[in-house]
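Down below is the structure, laid out as structure tokens.
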Amino acid sequence: METFIVSVIFIVTVGSACIVAFSNNLVYSAFALIGTFLGVAGTFIYLNATFLGLVQLVVYAGGILVLIIFAVMLTSKINESSRSNPGANYKAVVPLVLLLVLLVGRILTRDVWTKDLSGMAHEPTITALGNLLLTDYLLPFELVSVVLLAAMIGAAVISRRKVKTQE
Amino acid sequence: MEDFIKNYCWLIPVLPLVGFVFNGLPTAVGIKLSRAYVYTVACGVMLLSFLMGVGVFFTLKALPETAREFTNLVWPWIHLEAIQLDIAFLIDPLSSVMILVVTGVGFLIHIYSTGYMREDKDYARFFTYLNLFCFMMLILVMGDNLMLLFVGWEGVGLCSYLLIGFWYEHKPNGVAGMKAFIVNRIGDFGFMVGMLALFWALYNTGHATLTFTKLKTVVWFLQPQTILGVSAVTMICLCLFVGATGKSAQIPLYVWLPDAMAGPTPVSALIHAATMVTAGVYMIARLNFLFTLSPAALGAVATIGAATAFIGATIGFAQNDIKKVLAYSTVSQLGYMFLALGSGAYAAGIFHLTTHAFFKACLFLGSGSVILGMHHEQDMRLMGGLKKYMPITFMTFLTATIAIAGIAPFAGFFSKDEILWQAFARAVHGPKVYYFLWALGVLGAMGTAFYMLRCVTLTFFGTLRANDKKTRELVHGPHKDHHGHHGDLVPHEQPWNVTLPLVVLALLSLVGGFLNVPYIITHFFGGHSSGLFNEWLSPVIPLQAHHEVSSLEWVLMFKSVLVAAVCMYLGYKAYTSWQTGVDRFVKKFPRIYDAVYNKYYVDEFYHAVFVRGVLLFNKCCFSVDRYIVDALVNLVGRFGAVYSDIIGWFDNFFVDGLVNGSGSITDFTGAQLKKLQTGNIQHYAYGAVLGVVVVMILKILM
Amino acid sequence: MTITPFIIMAVILFCLGIYIVCTRVNAIGFLLGIELILNAASVNFVAFARYHENEIGGQVFTLFIIALAACESVIALAIVLGVYKNYKSINTTNISSMKH
Amino acid sequence: MENVTILTWITFIPMLGVILIPFLPKAWEGASKWIALVLTLPQLAIAWFIFSHFNTAEAGFQFVHGPFPWISAFNIHYLVGIDSISVSMVLLTALISFVSVVASWGINKNLKAYFALLMLLDTGMMGTFVALDFFLFYVFWELMLLPMYFLIGIWGGPRREYAAIKFFLYTLLGSVFILIVMLALYLFSEGNLFDITQLANLDNHLGRLAVTDEFNYFRFFCWLGLFVGFAIKVPMFPFHTWLPDAHVEAPTAISVILAGVLLKMGTYGMLRFNYMLFPDITADCATVVAVFGVINIVYGAFCAMAQTDLKKLIAYSSVSHMGFVLLGMSAFTTAGINGAVLQMFNHGTITAMLFILVGVIYDRAHHRDINGFGGLYTLMPRYGVWIAFAFFAALGLPGLSGFIGEALVFMGAYKTFPALTIAALSGVVLGAAYLLWTIQRAFLGPVNEKYRDLPDISVREVISLLPLGVIVLILGVYPMPMIRLINASLVSLNEIVKPFLDTAGVVAGMF
């Protein structure tokens, strides 16, 4: 059962990721990204990170992806969409990426991962997560808040200036 | 009164200083003072000072003879271990006499100057200087230590400089002042050396001091000391005497005094006859206890004195400028004073100083009166017959002339005869060389009588030659209208403020001699005094042991008078009825005449040897400085420059080449590498990944 | 179940992300690749956190990654829009003012 | 008076000017001279305070401020203090600074820079005299060079660049020697010292620097290094040729400072360093120093006589007068060394007057050729009075301060070097000769019609001369306050050297 669930998640994630990577249509790629995000969210939930899975869904699938799709819509013309996501440099990149895969595979296979997950309880981590965020990781947490704020303002400023120059 | 005098005798020098400040400060800042103010202040302070001096005299007189000495401390001057010098004034009989001479004659000359300088534009400046001079002179005679005496010594030198060059716009006047100061400085050089040697010689005995009262008690310790194998006392005395030759115009440093006549005549009278030039005499008399210890030094003093007395007198024969005659006469008379000092007769020296102050001041002031009367004509060849025009001047001048010639009972007789007798007496009892010195003295006295009468005759007798065109051309050269004065010159008598001092001084030179009647004469009249003056000075200058009353002294005395009288007669005749004979003599022995007329070419000699020498030497020094020392510096500089050029070249080609090389390598590499900068973000990402891959490969391999 | 499939998944996501980043010309495509790389990292964090004594520090970092990813995409998209306004294109090959 | 800040104040008050003046707006440029003037006044006030509160019985350092660690790694401290060697120099510096600011009133080129540099120079000079740490001393010593270079090089006469560079390089050469010796002292002293008060204790000299019975050549070369370094500043023959050039080209106020203060640093340095730190070598070499002193006196006087440039003449007369200081210093008698320091002070005031006076005539006639004047006294009688006063002070007329210094030097030196003293006395005669000859040529004689319209000396110029004149006069008739002020440390300095004199046995009776 576990194997099955993991297999489904794996296939969904990697499959949609492949579409993202290889599709020539940007809209397709963007939509395929939903699959990847869902798969990753599933992985999280499977790995006892329920809260993170939910956050993944809300932020990525619900927020970022919508943004991306809006951006795609705003910047490309529909009639070009069939080839809106052109690629380049395949001759150089493909060998490099393959080499990378080999290297990482080498690192992976150097060690034997034996630890099994069976028997480990599924406990909600959200309480512990909240405690940690407000104790040990308080400073990074606050920093992230500031960064978020800055990003918000920055985005507003960048777009506003754009409006201004339009006038 | 007595306490007042004792506590306030510093006022005597300070009063003229007050006058100096009151007249000098406004003049210095450019305020034009009224003449009445100037002379009231200047003469007023001198009068007060003189009255104080009189007060001092009587205060001293009231004291018992042994207690006639007190010191008025003003403030400590320099106190450093052994050096204990104060600004303090010593009052004793010697300084009281000097104070009276300085303030008394000074006051008279101030009065005279109000008349003499009445038309001068720098009236206030003149009196300023004159007051300053009196201040300095009083410091000189009142200072209680050698260093303070030196302050006055230099101070009067300064005033002399300022006053000789008073009419500085005429170049020779300034030059004469400069000459006076520098020649005096040469003397001061000796003075300083003497003072230093004295101090440290005493220091070695453990009694270092420069204060006169203390010196007197400790000089005995000097006896065994030597400097360079010579007795220390002799060395010190000789050095101090060098100072005296400078200030008192003795051979070899007398050359400045005749030139000093460039100053206004009152100055010549006050500074260059009556007071300043006698400072050397005063100094040696003050240090009599020291000089007495060294017969050798005394011999030197006497020799120089006698030689100066004789040479000065001979030069006087041929001078035509009335003031020059008097100047050489002063040189000669100062020689007598030194002869007295050198004979151990210090009191006689001081006495001659006093009488000389009277009659020589009178003579100078008289000549001043004549010069004024002649409208600033000083050449005697243009004078003559002035007796008629200026009777008071004539009478006073004549009185003083008789006094200086040494005719009894005028002042000069007593003082000069005393000197000659003392020299003779010393020859009898001591070194025989004094006979020779005495003989020189007598010859000088004869000369004095002769040239003084020549002077009187040329000036006052005969007829006025100033309006004689031929004589004028002879004197001033052709086609030169003298001083722009047109028409005939008519001499005239001077107002009261000029003649009054003349009369007073003439009276003093008439009766002054009776202050010090020799023992032999008092003895003849049944007295026992060895002279009031000698006795008065006895606390400072011990009385000479009484020699036996000898008929020889009488003989010499009469001989002096006789010789003087004869020479006066000759002098009179030679320039009245025997004029042609004199001219023939001059024509026959032109060399002798020229030598005398040109003062034996001493000035020329000094100028050629010393002045030229120094000027040449300083040119050499400066050349050395510029062409050797500085050239070396510049050479080092230039060497540095050349060296740095070489280094610079090396630097350019090698060191900098290296630097530039690395620079251009970088440049080249950069030019190649910049092609990687494509601006294409994929390429950058690719680069990053490539880096990761490389690192991973390395990680795995290692 | 061992950790291996999760790691393999992360590797594949990462490599695909790299592939996208290096090949895609479109700026938004480029962004998609970055999202993949970030997700690969998140997966690794969570997986290792789970397999290492159930430590949840990894989860915290994943949380931070998500937050930063949000920031990143907001800013990046704003920039993309800005670039589009200026260049009328979001093709990265056209946007090369930074070329030497 | 321990640990009072007063010396720090007197040193750094002018720095306020260095900070303020550059920030003045161009329109208020004229205010810079007022700022400079206002800053020199508190300096004068502090100098007066020091003069009145100085304990004359105390031979050691007073008004000490510090030590505060400055560069602790090298044992360098900020430490200032004065003893009676330096107190007169501090007074002189304060006075000359004030006078030179007044004398600079007529400067009209680049005012702000000029006065800022002048104030910097002031700090440097003051610091040199108060520093008690060798390193601090060296910093101030160099600090003073720099503004001097610019002041001569920018505001100077026609050959100013040459003169400024000559001055700078020459003095820098001397500084290098001093630096080397400073490092030698640091390396060979107990606990690596820069502190002069501790270095003065000869037990702290270690290793090659240790005082030995036989002649220690290492110590000798250290002594020589310091001596040459300071002798250049004095300036001692044959290192004097920078002085005439620098003086001739420098503007008036800078000449005043140069002659008034800078030359004294040389002799001050000798007393402070050669005498205090190397008394043994000093004792051995005293005769040589005295000989050089006499050469300075006579040679300087002869060179002065050969000049036709008024300023150059006075520059050479400075050479001559500084010789007296060298002579007095090397005699090791109380009178001699007191006379030397007194002469330093007096020469400062008198020569300052002379240079101001030369500046006055140069401002009016635009040349300084002695033979080109004539009869100036008639045209400028008030100026003539000042000239006469200053010249007679310079030739050592009794009653003015110059005489006291010279007389004490002679009194002191005669005991040790009779023959040299007599030779030096001839300098007095020569001094009279060249100064009077100058008066004769330039100021007396017939009026030169060309200068008929020269204005007389102005009130401002008189203000700059007046304090100097008053001091010259007062010290001439009542020098005791000054002698008391300087005596204590000088006596103890003599005592430091004397034991070595006896063992050396070189000096006594040689000349």
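Each chain gets a letter, A, B, C and D, in the order it is written, and its residues are counted from 1.
In this section, a residue touches a chain if its C-beta (ideal position, glycine included) is under 8 Å from a C-beta of that chain, and two chains touch if they have at least 3 such contacts.
The structure presented is a predicted model; accordingly, all values stated were derived computationally and were not measured.
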Key: Between the pairs B-D and A-C, the one where more C-beta pairs touch   = A-C
Ask   = Taking each chain's centre as its mean C-alpha position, how far apart are chain C and chain D in Å?
value = 78
Request  = Please compute the C-alpha centroid of chain A, do the same for chain D, then give the distance between them in whole Å.
outcome  = 83
Inquiry  = I'd like the Å distance between the centres of chain B and chain D, where a centre is the mean of that chain's Cα atoms.
reply    = 34
Ask   = For chain A and chain C, what's the span in angstrom between their mean Cα positions?
value = 6
Note = Residues of chain D that touch two or more other chains sit at none
Query = So which bits of chain A are touching at least two other chains?
reply = 88-89, 92-93, 96, 100, 104
Message = Two or more other chains touching the same residue: where does that happen in chain C?
response = 18, 22-25, 93
Task = Based on the touch definition given at the start, go ahead and assign the chain network to line, ring, star, complete or other.
result = other
Inquiry  = Please list each pair of chains that are touching.
reply    = A-B, A-C, B-C, B-D
Query = Which of the residues in chain B end up touching chain C in this complex?
reply = 674-675, 677-682, 685-686, 689
Remark   = The answer for chain D against chain B in the complex is residues 166, 169-170, 237-238, 240-242, 299, 302-307, 334-335, 338, 375, 377-378, 381-382, 385, 388, 392, 397-399, 403-404, 407-408, 410-411, 414-415, 418, 421-422, 425-426, 428-430, 432-433, 436-437, 439-440, 443-447, 456, 477-480, 483, 487
Message = Applying the document's contact rule, which stretches of chain B touch chain D when the two form their complex?
response = 28-30, 75-83, 87, 147, 150-155, 158, 161-162, 165, 168-171, 173-175, 177-178, 181-182, 185-186, 188-189, 192-193, 196-197, 199-200, 203, 227, 614-615, 617-622, 625, 629-630, 632-633, 637
Remark   = chain C residues touching chain A in their complex are 1-9, 11-16, 18-20, 22-26, 28-29, 31-33, 35-36, 39, 42-43, 46-47, 49-51, 54, 56-57, 59-60, 62-64, 66-75, 77-82, 84-85, 90-91, 93
Key: chain A residues touching chain B - in the complex, by the definition given at the top   = 88-89, 92-93, 96, 99-100, 103-104, 106-107
